């Protein structure tokens, strides 16, 4: 829905204002490339650098929550600052080096600097016997330990009796960082878009989600918006917990629709995981868009495992927040390994994901409850130029972006109880066609806000 | 359900009074034959002649609504009186003649009398390239134009440079005619049966519907009726719009069940198109009867295209009116062509349609809400002669038109919340069997009105 | 769930107290063997002997309701005391003898002692032409007649012109006997277990049900019970009618769950026939247990034919009572014949049925409505020892009888609106796993009664 089509006078009713297209897969992939090598974690300099990248492109407020701050059932952890980490043979050969890949270091490892026996070392190594060439991603946020992640094949070659291990890292009071971009709309009702930014060098999980959120925010930024859009760039779990704690009596209560974005750069079918409610508006919107977005897309019921929807959908909040993905977490072999890289995430997949996200945003912004001004009998469409001159052949195309039948559906269901999305579902038509038919009927004076 | 079975004393409870059978397919087909050649339209002499035929057989009130009368969003159009119409070659050969087939003339063509170039003539011709031997049915009710409909093969033979065209027709202030037959019942609650009578020489669409409505009204006429039955013989769209406008504050509010009848003379499976509500009583009744009426019958959801149910089911009225058909409009090759003729419509198809319609009427008239007089535990059926003397073999037949199990269902569900139709659905039995079991239980004092 | 795990302090919340296992198939089959030969009926000495057997093993109150006592729509019949019965040829050969098999005598036959013609005799014989070697079970409780049941092959050999027939039986004022065992619980809310004990030598129908009820009552007897359990050992139909009549203003109103047990000793799949309500708690509990009890089990909708659920589910009572069976009545060839014997009913089938019954009882006793103490965001499980130290691999086993995912489900759904059974259904886990996860969360202070 191009921006220039909007006219102020009928803006509210006509539902103009969907995000402009023109975002390319290449632009989305460029964000992934720019941020891939950074060693992010749930706190620390890598996360801060990532937020700085976003802040250069969006009006982003970066929040810093001090370590120890209570947050719901949690407390903000100490800040982790890894500097260097390696395993060397006693004759000085470096066999594992954090400088080469940020996944090599177990997240939240404490400092260590000593010679360890092979046996002790093994207890601190993480590898994947069934994917022997890949480095796994592992975390120990709330454990007092250290460790390295490495390809299993490399691990098997570590046969010396002892190795020198060094991790130069601080785990000290500091702050949890997250970024927040609020784009006010005509209404204080909010749409929440949440992406986790805590994973180190993993491209699909979740630089893909970050890229899409960034570009959607930019597209919405320059436009008239019906609703207020809030974008959160946060570390997983503790980030959403901290945001929920801080906004419990404020923004949380204004959220009408929410989406967690993750794993949107691979070539799998779309998967939408419903909110805990299961029948929230966002659940119906995502289902509608995915149905018209091609075959094979899947709707998944809510489960209490996954991304930050776990926090938004905890029973005390129970927010209408779902999760949009291509291949879901844990279902693709590259998941949480070094194979989730810049080759796995492809521009064309990112572009297709963005298009679906944009359509979801179009429905969120464009849905409306309208009422027919001529509800008794059908309105006479012929004298309004909305009906074929010659009868007897059935309803056909109109050449206006909707067919005759869609217009009849819109008029028949415009009883103040069916939204445009309801109509699209009932008519089996994409939302855009129903919106176009409704706009034609509004222009003809046949529909008004309910 | 034969008339002579009714007894006044238990009439109300026992649900007697279904329409008598005995209507033959031949009688139904005879009505089609008598009316086939008439050139009907939404106004004019052909429509009036058709209503006169019905009025000879039923107590029919014929209404005349003057041209220009406002009717909801519409106004009654001018009256169209076609007298003759032809296309002749310049050497006097008649190539198309309205006198030969009423479909030849585009409905609501204005008068014309001149020589036209082949090129101009072509813009006024309607034919079917894929069915080259058939004349299509086309209308131009609200356009200022003229035209002819003809077989495509004939059209292709019109190669002269010019032709003489003459249409002798009036399009002038007059009236819209429709017929209304009301058969009062014990209750002011109404059943609406609506058939469109505006199509010229098309037998299935809708002389079939007209014939069935006529015979059902005759069958109901001489009987005690629980409900008031109203039969409308109307021109499509503008006829129902005019009737709704005139009865908006009266009969409209009393309609409890309604059926549009159309295309009931072909050999296709039954199709019942639900009311806009989708769960109205008539929707359940029609679904029940069609389920027991043989395999292959189809329930269709409401769509805002079709016959006069479009008007009855417009959002302001939202009446419980469905549409009963064999092959639905637009789905059979003869539809809206000269092949929809007296051979296409067959006596045996009309008879079978009438039987189904009669069963629907039986349920409408015979459904009831009854209450058990012995709801605590099962009543002891043995001492009432309603249970087999020897036990141990399970429930069986009773030889009374219902099996033992059906009687047990009726007694178990007679809690004042389940209608007889509910019971028939739950028991998986035809309504007639449940009605018979209920009548036996009423006779035994085990059921009373709820 | 072993008894010694229960601790008084957290008993109520933790749902301890399911029936102890250890009941063997052999013990269950022994009850069938002990009672098989007895000629039971809906009244009389055989029924009384059967109740005496149960009373030796349970605190059973045996009720005697005098003949003629009104009971709902019925009256208690006269008591039937059969002593001997035979058919002899005129030369003294006994061809049918009640002493050989209790099924030979038509139930409630009146006394007779005379020579009858073959023709008259035939009118009093019952046999199965399609199962010519089996004796059928037939009754004539409320008819004034006499009769014999015999193998069809034997019947065909009766070619003499006349036979001597003698039935020595009383049909006289007496009493209807039934047994009632009430095990009080913390709550006055009741669970009803009902078994019919009126069939003569039929093992599956229903010595199997009697054995299971007897053992379940014994298992529950020595335990702390959340609910009050009531076991009825009754003659079919008139027994439940009499009990309902006597308890109409008392126990009937306290029944929260009920099960009729029958045909539980054969090797067929489990069949659970739902209560009339169809969505009662017991219906969901039985469906849940059968779903996890192996493949092929079937849920049947309520029908108003079968066992005493017909009375409990009559419209005036409409109690939440279903019926648990292996092969349903009327669906197996041995049904109501002499082939329903001690070989047909097998210890391993009885044991498996008992295990399923016990699981149903576990859910009834162990279900609870709990509320999370940390509903805002997820509780931090790691510091409570309920989460793996190393992250990144997804939820796994805990080694505590439930997996990590089940615990997440329990915490997510503990909003005071979902029972543990609701959680088990949503999580796709057996109730026992959900109960174990809930117990762990209770122990960690994360759940309290809602």
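Every chain is named by a letter (A, B and C) in the order it is written, and numbering of its residues begins at 1.
As a convention for this text, a residue touches a chain if its C-beta (ideal position, glycine included) is under 8 Å from a C-beta of that chain, and two chains touch if they have at least 3 such contacts.
Note that this is a predicted model, so its numbers are computed, not measured.
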Chain A on chain C, rotation in degrees - Cα superposition, rounded to nearest 5: 120
Copy pair chain B, chain C: interface residue numbering same or different (half cut): different
Averaged-CA centre spacing for the pair chain C and chain B, given as whole angstrom: 54
Multi-partner residues of chain C (at least 2 other chains): none
Complex interface listing, chain B residues touching chain A: 71-74, 106-107, 126, 136-143, 145, 147, 237, 240-241, 244-245, 248, 276, 303-305, 310-311, 313-318, 330, 336
Chain C residues within the chain A interface of the complex: 372, 374-380, 382-383, 389-395, 405, 408-409, 411-415
